[in-house]
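Lettered A, B, C and D in written order, each chain numbered from 1.
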């Protein structure tokens, strides 16, 4: 039995079948790290990577992410989880364990703009995005060919003002039991509160501005009108408040007075795809915790 | 007589006494570049650098900045300006010519935070900021020593709710006829509309957020509350609308969930001083044109 | 007849059929801008964008790029070029004029890594890369399917130590008369001096390091060994000196001690595709001039 | 007794008198995290921040940095250190503990360029650099006034080819027993191997290029000659090999063909001071471990 620690970077020697990730949130208290690391040591697990964060030293929340390796993980995980209950109870933890070998299943929702979808497909194809893309759902037919050329099912679900409820019903049927994460890759329809509730903190949207600047429609037009010198993109979890959910990642690019709205859109497409791809990658690698309206991102 | 062109970068051989900068705005029309460059050629001037921009090809505005060298500039500038009137009239130009050797005189207004002021002083001392810092005006006494050690007059003008009008009267007395540009380097008092009108597009403020996100007070607290992943700073000309004037420059720095408000402020200080220093540098080098509520920045 | 100027940014209203780009290099001398702009004005051309640069004010070289619009461009270009000869002779110019509507034809050479090729294909498909991709030539068969799905011919030309000369002969046959630019998009074979000479300053390579650091093979391994905190990529014109040609564009990304060689490669792929795509875009938009071993990039 | 964890970011509530930092290197083995965290828990210490890294999972090195709070730290540290010996022996650790309240004492060596020195002085004055600047040593008299205005002793030690050994003897006298870290803030003299050995991994130099590009003299001239599109700066520990020591931090800034050597120097000054200040900050906060010729930077 090997108890070696592995660095995050040493990908070449990783055996994903023995790798697990544990996410913990609890009120802060002394001894948490000792208790968790001692527990894992006694189970025979090797801590590969460990990150922690405390919001506030006095009565604040504590957050932790641990990657560990455990021989015969799949068989032993149920008993490990049961045993961990004692530690968890002692510290009033909310926690989850994920097997790295169990790749998250993604449904990508898209409308007419293809750049965010294509970036996800290529990162998936190259192995950079360690997930399954289970299906693409679109209110347009445009991308059927390219998506199917990747061997991924494409569902065309048209949406009009009248058929909105019916369309969402159909979408929910398509994903029922088959999807862990929904990615809105420039999907230009509003998702219903009911849908959002069902996929709480499991719907990621890309907004084409540096939030909270330029909430709502036509953010590049808004940015042009205000004469900003940087434009941005924001990936966030979707909540009922439009463009108001927990921010996962943001980035920007420099623009100048020379760039009109069309040019801002062109430049913005590049930031959008990069920012969205990072956010999705972090989610499927279990690097994100949400607390109140913020993300803790162990990246 | 030498008619050589000089590049912007070849600073070592520049003779500032012969260098002038011309800024032009006018409705777009054919032949502007030809007319201006032909005029300067006939005057014996050498075009060193030339930038242009058109907002809209159909009936839009045209903007131009030309650096040129002219032998015996100081003596010959009045007649050159008179002669240029004919070209200007033909194209309905608004225009100005500035001698590079006539350095702009700056009054820096500051409250308690010193980082923006110190950056300006250091860039001024090292020669990177080609301007005169004529005086520093503050509603606190804290920085008197350091400012005077640079040989710059420091005026302590306390401001309270009751003495606001009186304080501004005193400030205006101090700067009357002595100042071309006012820089609000983290000056935490509101400047009156009358003052703003008098120094139209000649007051630069640094706002400690990526505008238009987080207008108004406590932007770092606002940024913390929203959970953003980048914080920014914005240098802009001051207009009557709070934090609403033409944006000159913006930049950002990456932050994470680990950074509390105090840490955001510390990180932000670095961006603020860089962004403000860039904006001031561009202004004193006559690189900025304002049209409606935007800047054209030839940088 | 409209003589309006157009900004670089106002893409929406551009009529490419009337747009031309002129590149000029000559010894610096007074009156060049006036002569060129006056000439174009008299031809009825509208200057849309103009950039200039002088290496050294005393006896240095002058470089200029002008975009202009001319009614009935295709028919009138031959006589314009003939007439411009007089201006060119006066200043001993080397110069060219390109019609924007005549898109440059590219042959992409690739080996096994697909990220750079895919970025070019995507930017081409989205219209961001305003060129024709005439063919892809590879010493491997791997990417035949994906390339042909874009409707682009794919030529598999295997290369071994023994067949090197024969392979190059075949490549040159394939591109003869059909290609304006060769892009080595992670093509891992050395190109012969004869080939380089034929496509002088028309072969762009992407080197996976921040040149001149890490010339030669396995740059990511070299970077890892040296413990750098940033990794980079460099797009350059290919000359006989390995990795020694004129640099067109470079960019970097932050790394840490955690990143092993595999991780550096993964991170680097992203920079490589961005940097190469920028360089190719600038070349096909006639934004690059080469002088001695440097590029003047009007971007 | 409070056992709360504190985040790195929550600076406002930190009580530095109880804060310690532990740095550990050892061959990788199972149970290290559990053993260390259990030990600290039993001592009554609160882990505030914890970072770890393993170079290679099979027989590689393990590195760890822990910040913890301990009531009555100063009195109890000797016994804690003695007790920790048992844990350290079990894992063959090299380790150190530093009290945060014991600020590192810095001697800054400088020649004629003041920008790096001034950045350090200002960050020190504003509290961003949590260290003591014990003295400034220079082979020129230029900065005596400014340094002494900060209340810091300035020692002028001229160096000529003939007096080199004598000058170094004098420098070593000045710092004997008074200095924990030497910062070469654009100090243009070579330091002797003997000196380097005495301050092993405690001399930080700023090199004005992106190492390993442009080793040696006149890096900006070298960069200009090669036509790079980015220039950089590198902070590294000084070893006998010129510009070859472990890299601590690097950063870059974009330049263009317009920037001549003088302009590259001006732009570079800004990167140099930022990069050096970061490296010094990380060193005095005990965030750096050196292994072979690389740094592990827990930042």
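The definition used in the following text is that a residue touches a chain if its C-beta (ideal position, glycine included) is under 8 Å from a C-beta of that chain, and two chains touch if they have at least 3 such contacts.
If you're wondering where the values come from, they're calculated on a predicted model, not measured in any experiment.
Asks: Which contact partners do subunit A and subunit C have in common?
Replies: Common contact partners of subunit A and subunit C, which must touch each of the two, are B, D.
Asks: Tell me, please, which chain's centre (mean of its C-alpha atoms) is farthest from the centre of subunit D?
Replies: Result for the farthest chain: C.
Asks: Measuring centre to centre with CA averages, how many angstrom lie between subunit A and subunit B?
Replies: 42
Asks: When the C-alpha atoms of subunit B and subunit C are each averaged to a single point, how far apart are the two points in Å?
Replies: 36
Asks: Residues of subunit D that touch two or more other chains: which are they?
Replies: Residues 7, 10, 53, 258 of subunit D each touch two or more of the other chains.
Asks: Okay, in this complex, where on subunit A does subunit D touch?
Replies: Its residues touching subunit D are 2-7, 10, 13, 28-34, 37-38, 40-41, 46-50, 52-58, 60, 62.
Asks: What residues on subunit B touch subunit A, complex-wise?
Replies: 53, 210-214, 226-230, 232, 246-252, 256-258, 293-297
Asks: Please give the residue numbers of subunit B that touch subunit D in the complex, ascending.
Replies: It comes out as residues 7-12, 114-115, 118, 122, 126, 128, 149, 258-260, 262-263, 266, 269-270, 274.
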